[in-house]
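Both complexes shown next keep chain A, but they swap its partner, so chain B is in the first and chain C is in the second.
After this line comes the complex of A and B, so read on.
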């Protein structure tokens, strides 16, 4: 999930990861990492960057009614875990006002959205979220 | 041959019916519908803006182009509703689309016309050989003041075009501009809602510029309306393009596929380009298209476009306007105010 409490430089260093879901894959044992890592568990440090697929399926979700102050006006917040080609990611689910229609296996797609903004004058943080491919009517 | 190698659009999933807005403000819903011929409009969620929609449309356009993002040499974005007054949309696209860093980039503004100016700018760079492919985007998420008539038509969306000279799906054979200083519509810096210039909307602005640009282009080419299979006009509502078509002598069946404002509202810089996408997704090879985007202030670019054999296959390579139109969730006026941030949140 795109982290909420990052400074501008910290966020900026992760734009490849947040904008395009750039992960890394070990050239030796094939293990994949998201967030991307530079050194594999197997000790190899030759990891290749690649973009995770933009389509996947829902693993699980939860509806949050008690949220941090930045998201109070977006309640209820839907947070889900989505499987993108074997990599499981947590993130906000949008464009679905009736989450009861969603279940494990529902096809999901990655969308590019505003994640947070530093008030009216500050920077706007962009990143990935998820939504059901086919709308969310049951 | 220079033209459209790929295209992509983005339309938010939420919709509000114009009758719902009319009822909230005590207007006669049927009169409003008849006045603008806008059934419903697309409403972006609070986390959607011209940056997010450009990314979505751009990704589809690059996929349809069948190129690697690293081959894009220019990105131009036309918009009048940028999230930042100073900080470009186009540079965010570099990282969000994964192009190289050696890309000519700029955001352009000419009310609703700048999306088409992005295409013209990209064409120039491709034609001169300075870049192989250029990405041209028109996008807007403008606001209409609650309770004012503009609110009935202002929509949200983006349309992106990859311009190049290989694997062209639709050749852009000619473009003809017509521009004058006309005070029909403006928005001052720092003010959220635009203002209409009394007596200048309609005839002296939209119709004069759209009709003149179209006529001058046809004269230049020695063509007449019957030579075209489709005509697409800027669409602040559905009445204006229908009337422009009838003034120029295009029958209804040549304009209807290029009109999407009735289902998504006026997407400003994306409006005519959205109509073009819908046409490309339905057109046969060899179709001749007249497209005339317009921007207040005021000006129009008349395009003569002809589809190639690749258009049918490319249409299938990405999400279509028709698919977006079918995927919708209706909301009421209270959600609309919340999603469009028209109520002040502290």
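After this line comes the complex of A and C, so read on.
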């Protein structure tokens, strides 16, 4: 039997977010949420889909050496917080084998990458990751 | 059950975070009931990540307040049933899974980011943070119930392998198989008229780590502490014993700051200067904390509750503590929720 970790429908329900970073924005106060929210902090429940900008800046990061089983081949993982137009996201930073030059404020861009595979026969999951705009040495 | 004088138990609350993932067992309370021969006693499973067992305690406290009598709270976790990378994956489910675990984010990565931001802001070196594991191992060496009963040198800590920069192996409480149980009663019984749950509180932070207000402070601990103290009719200054959920060194230190036991940015210094030692201003994690006791995820809150009760009773090796009030802190994920339980020793 093939061991499958994540069902295909579960993944497909999130592709708007994984592929295009679709957040929600409050129609009343303008606050933007990612992950998307159904009700705003202001109490309003009319929120519209809103695609986040694909450029932003690094807030902070860590090099994660003890990883989950799905990421063993990618070990170590660079995990960072990136600010995209005032909304902060956590995710992988890529194309940067030596992160010593990265610091708070380093310009970052969103890239679309393979996240993981579901075993040998399962589907391949894709999603957003981040990379420094001027490369790793900048 | 025998330690509490075998009172009639009318309900079992059982806490576990990863039971179905590691042991392929659901509704384990039923298995437990039959195993310990409590005929006819219903059970309820409570899961809320690594805060599961403190939530079970709160449910049990509310139950006996409402209906009287005695109930059992049990916590159980068996993380060693699976390999370490698989366990990392299961533990990462306690993040906002679709947006964090999906991309490889783990609680360790989140704690590491907090450590990094804290060290940057307050200009600490890694050695300053390493005071936590150093002290916890010292305490563990004195505690016959500890998992690590060996003191370590600062060099052992600073040269241990990196888990997530800047956190090293010694900053991470080791996952252990473990279980614990208490009997809670509405009225003191003849055998244990000593420790009272005098108050409890909860506080919340963010389910998605990146949306936290600040990465160098905990949001969920303060409100939980205030509520527990208020319910208990205590002031922070009255508290003699504190046990915090030190899954990572930085979480232990930041919990003390968020409880109000240290100014922000001062906890490593106060810890180094002995303010949190036995005989100091307040005795913190005198059992060695989760760092030295081990971290049985969904049973960890019960571990620390029971250990606090032992400390209040002045049982071995805590004869010299002479404390009558304690706060026990438990946390769900990295600052998603905190539970603080206040204990008093009766006469």
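Note that in this section the second predicted complex is superposed on the first by the 130 of 138 C-alpha atoms of A that agree within 3 Å, B and C clash if a C-alpha of one lies under 4 Å from a C-alpha of the other, contacts with A are read in each partner's own complex, and residues count from 1 in each chain.
The rule is short, and it goes like this: a contact is a pair of C-beta atoms (placed from the backbone, for glycine too) under 8 Å apart; a residue touches a chain by one contact, two chains touch by 3 or more.
Because the structure is a prediction, the values reported are computed rather than measured.
Under the clash rule set out above, the superposition-derived model of chain A with chain B and chain C shows the two partners fitting side by side.
Of the two partner chains placed by the overlay, only chain B lies in contact with A:94; chain C stays clear of it. Contacts of A:124 after superposition: chain B is touched, whereas chain C is not reached.
The superposition places the C-alpha centres of chain B and chain C at an angle of 150 degrees about the C-alpha centre of chain A, rounded in steps of 10. When the two structures are aligned on the shared chain, A:73 is found in touch with chain B, with no touch to chain C.
When the two structures are aligned on the shared chain, A:135 is found in touch with chain B, with no touch to chain C. With both structures placed on the common chain, the touch criterion links A:115 to chain B and to chain C. By the touch criterion defined above, A:20 reaches chain B but does not reach chain C.
By the document's definition of touching, of the two partners only chain C reaches A:64; chain B does not.
Following the chain A superposition, chain B and chain C show a smallest Cα-Cα distance of 12 angstrom. The intersection of chain A residues touching chain B with those touching chain C, taken from the two complexes, comprises 74, 115, 129.
Put simply, chain B touches chain A in their complex at residues 13-14, 45-49, 51-52, 55-56, 59, 83-84, 92, 95-98, 327-329, 331, 338, 345.
Interface residues of chain A facing chain C in the complex, by the touch rule stated above, are 6, 10, 14, 17-18, 34-35, 59-72, 74, 77, 79, 81, 88-92, 115-116, 125, 127, 129. Across the interface of their complex, chain A is touched by residues 83-86, 88-89, 92, 96, 98-106, 108-110, 112-113, 116-117, 161-166, 208-211, 215 of chain C. Within the complex formed with chain B, the chain A residues making contact are 15-16, 19-20, 51, 54, 73-74, 94-95, 97, 111-115, 124, 126, 129, 131, 134-137.
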